[in-house]
């Protein structure tokens, strides 16, 4: 993981991030932790895959190999 | 695996967690054990994939590479 | 593999276990051996994927990377 | 690979085994060799995927990562 | 990663690149960082998969194992 | 890779082999080289996937992780 | 990667090669660089997947794990 990736993720700790997973699932939650495999800990997570039916997932651990991209909020 | 992931999983030992697997399967069971690959031991597990037909699986070992996310219960 | 996984599998040697594989196949057989990759040796195995057409497979070696979950019998 | 797996494969050298591959293909052939990745050498192999159209493949090398399960003949 | 790949990516830092991902998604964004796994940091990213509906993603981290190809702008 | 695999491949250098790839593609070509990952070099290769439309590919390098099985010609 | 593979790729530097990717995409471009994972740098690349709609991609980096086969031009 590049230093820049670590830096971006650290700057976004406790902020809302959008995460897209393989298979098309989208999550939105507060970034609480991460490691070099992009395993993530998210809080107050919502499954935003279906626009009209956003499931509340709360605190979750995401296994990094499912992650396609992580998008921090606009600054 | 980040320290935070380990900490969350340890705090939730013997508690009910929701596990989503690749391929769309959902499980709900009592977390009895885990390792750094997210191999899991769950007890009193139910396959909650189909809302109307929840299969009881009892004690299971989940191979970690199938795990998409793990969701502890709300505190 | 966590110690607990090893312990559960050892306790269930020579007992009937249910194994679910990637792709949806289900197997039921007597657990004769395993290793840390969850490569399995099963005896008197039946392919229980199709409820009405359970194929007898006898002794089999399962390559661990196909395993989704292993379920020992209720105690 | 567990010692038991090695032992079973060694006992079945020069015997007919059934091999199921990812993607659904089934092979039946005489086991001539194997390694710890379950790369296999089979002789007089038939592709038995389609019941009515069994293709003769003769001597083949199977790359182990395609293997789901190996089933020796009943004793 | 070959030296040439590193060189090309370094030459294109702060320039717009096109990235194609497994599963068919296309992204266009300003390359801000990368590492040897092709993990990427892109800025002002747009999801250009659907010609008529280009989503703005802003700053993103792409997990390298999803990348099929990276195309710098014509010089 | 077992010694037997190496031996078979060496014996079939400069001979026509049939190669089946993940995804269903079939190739037929003269084996010119290989390594322990089953990366292959084939010459005078034909894509024999479609019976009626066999494409000539000539000299090719096959990335080993795509290989399902390799079948030397009958002796 | 076998020495032969390296040799073939080196001989074809600055020549047009055909590259087939997992998922069915075909590329044609001038080979500018490669490494042992078959990460490739291609120049003047065209996406030749669809016969009637060949997209110009120009300079690209291909992540090696997507490569199925590489075909140098006939000599």
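As written, the chain order gives the labels A, B, C, D, E, F and G, with residue 1 at the start of each chain.
Convention: a contact is a pair of C-beta atoms (placed from the backbone, for glycine too) under 8 Å apart; a residue touches a chain by one contact, two chains touch by 3 or more.
Just so it is clear, the model here is predicted, and its values are computed rather than measured.
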Set of chains adjacent to chain A and to chain D: none
Distance between the centres, which are taken as Cα means, of chain B and chain A, whole angstrom: 19
Chain C and chain G, separation of their C-alpha mean positions in angstrom: 42
Touching two or more other chains - residues of chain G: 65
Round-the-ring chain order [start: chain D; next: chain F]: D, F, G, E, A, B, C
Footprint of chain E on chain A - complex, ascending: 1-5, 8-9, 18, 22, 24, 38, 64-65, 67-72, 74-75
In the complex, chain A residues that touch chain B: 21, 23, 25, 32-35, 37, 39, 41, 45, 57-63, 65-66
